[in-house]
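A, B, C and D label the chains in the order they appear, each numbered from 1.
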């Protein structure tokens, strides 16, 4: 189990949502409320964009997030309009930076919460399906990174949601060929530096929790005098594994088997349907 | 809060009590039952003797113990008649190897669970009282290490329990001079390679938990057919922050304000009374 | 031995001088030319200001700088008008983040190359002289950090050069009391977020190398068509343990026993004269 | 470039050859004489057997070996009749424990110095050839670990030298298919806990240096009064990337394209001839 969050909107200091919010991600690294485990101490990562065209910055560490002074300092000094952060609880693979999220390829970032069931039994088949062009994106040993490489293989850079549906379909087909009943459990946060994509899906139909913030207008009506709410701009959105704070109405659960596209103008929400390989 | 354990007896693979026992120390690093915090992920350490006369080996790491493969491997391959292990939850000082227990000076090892209340307010005064002969034993920044240096200053190598009582008395006097009501909270595990010393004490009279194993004869009568119990020799004893396993009668709480001396022949239990500086 | 660099001027991506210059600091971490050792692999640190009034950001790591991907990423994404970077070769104290430079207190940053000779013999006396108000700035175990705490004790925040002269005088007096002939060897880089201070001094009168960049006008006359030179603004200056690149005339050696004050308008250069304690 | 050493013989404290010999491996980590690089600071590893039938212990770290206190302590406390140690200088893959040697599978250990030329260009093809039964031995991202997995695939556990020849033949054939002229450069140290295997080979016919110690009888005749030589038993042998100490006659260069089998009774030396895939 892991916890992650993503933000897209006006440039804000990263610490605002990571540290300065009730039950922010760093607090969740110690005391998660909705997860399988109550803490996530097997490394962390932060990926952020500073300009739309550029490759994002990535800071990853194999240490727990909760006492990391470098992360504290960076989060205070970096303003970003688009970032993803992740705290890890390994499901068995080694604790090392290359197993920490986000994974990066060019301008793309990818974080995952969940697991491929019985991963080691099908790892060989999954890795064999990675396109040689993306093979060396793989530097670690997690299921998550292989999911990213497969999504790239299936066209993530051209048509993200379709590529993710093909990735999920391929993982499910491969798993079932090996007798795994519910191969895939995932919430995903992905960005190309322009849009923020969030997916909630699991083969069993009981996915890990995922929430997104209500739109600014709703928030201002609900909590007209709240300090943080005042800051929120019309395009600002956050996606989180579990709610920050406990203001009613701020966080909406993302439904099962759903993909979100958070972008300038109206955001988009659609059904997420794994596509089995032909 | 931290958790620690110590063992003295026939040489056994260290993994036996660290990993292969129900609720061993490594499990406690993730899921402590009796502590203030439920996990201890800010580093760990292991100190072990391989022969009585020798300086002990020490392995410390700033990573959490629970997924550390090096510790797993060492614990499987090292047999030792006397060792101390510690998992750390920092009360504020940095996560670094020199802040991990055990601390070592020549043939002495020292582990601590607890804290000096408002430590940073009296750190200056405590450090000034360290004898120059032991000043460079101090390599980190914890209250625990300063307690060790003070105990050395007060004669740990000659008369351990008296030195610890003088250390505790000095910490309490210094704290109270600064208006700290309950300056000291501690359980201690200490060894010179011959004896194992354990102390449970706190200024407030409500000390962190500490247990020791019943003697072998009692254990064999209680659990005649238990596999691990059969292994236990007449001189084998363990001291633990919280019980391993849940066999009734195996673990006895060490009373408040008590020092134990575990040694060849009859062990010794006596009142622990801080000695105020003259 | 260590290597460090500092920059003050127009905001530039940190990577420009750290990575994208011939023989930049990261290259010096592997292949120093002028140092006692040819490599500096015992950790590194970067401290940067993003706005004059603010506390600086600090990123430190106990790993070698040369393969650190986090540093690479940060240096590419952070623009700063004032920063200090340091690669460490320990003279004996442990490899840990709190022993990496820069040290920070409020808006002040401090880096050091050199050593206090026979430091462990006089550490006790030096630490005893730290004002309790600055005692908890000390989190590691280096001579450098104690020099910083002493400089704070002697008034760094009010009159930096005088405070550094008093610190140097105190270290020398203390060393000589213990029979140490040449107690102090140092180049220092210090900033409060406004000015950049650089000092080159050693008791023996043969200090570690230190250079600063010629003024922009000189550089433009010398190398009118050079790409980097074109970028340089009138107030831009760098200070380095050893020259970056090999363009003639770019780097001037800072004389023995000299302090520089780099600031808006004319910079200042003056003799550095340790002040013995009264 | 890396440096490694291996020892097989009477049980000795590991520190003897690692630290207490002139120009031992830890000294080589800082100041190699015969290597491409003069230092090897990208992690290290130690694998040791304590009993023939058992899986070996492994201690690996991503920190440089030269200041590692844990390694110092372990090397002083562990006696072993058979061990391999390795200091790493990465040729590009990340600095992480799973990229440190030795690699382990069951009772087998594997260390490598050298590289597969243009590894990233043929990594995909090499990984595809790993037998699924050994696929999850792969936890890191080095060429060395893939060589180990391929050797296992080709029968390392049944006929080690033949399997290594098939591995080398396969790497060369794959490389040449991609237009790589000299695909393989390697010295290898391998053990199953009984025998110690050493191989020196490169496609170009100019392999990295490798030496083994002369037999005990020769050593005693050459240096009858030398302290360490007196310790040496008839079956004791070491293999090293570069000689320890400078006693003449102690170290013999292992010839190009040669495999050694060090075992009870007479050791074996034979030509090493890569076997191209059918």
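Rule of thumb we're sticking to: contacts are C-beta pairs under 8 Å (C-beta built on N, C-alpha and C of every residue); 3 or more make two chains touch, one makes a residue touch a chain.
Everything quoted here is computed from the prediction, not taken from an experiment.
Across the two interfaces under comparison, C-D and A-D, the one joined by more C-beta contacts turns out to be A-D. Separating the CA-averaged centres of chain A and chain D is a span of 41 Å.
Contacts with at least two other chains are made by residues 62, 69, 94, 97 of chain D.
Viewed as a network of touching protein chains, the structure reduces to a complete graph with every chain in contact with every other.
Within the complex formed with chain D, the residues of chain B that make contact are 48, 50, 57-61, 69-70, 73-74, 76-78, 97. Of all residues in chain B, only 62, 93-94, 96-98, 120, 123-124, 127-128, 130, 132, 135-136, 138-141 touch chain C in the complex they form.
Those residues of chain C whose C-beta lies close enough to touch chain D in the complex are 38-39, 41-42, 62-64, 66-67, 69, 90, 94-95.
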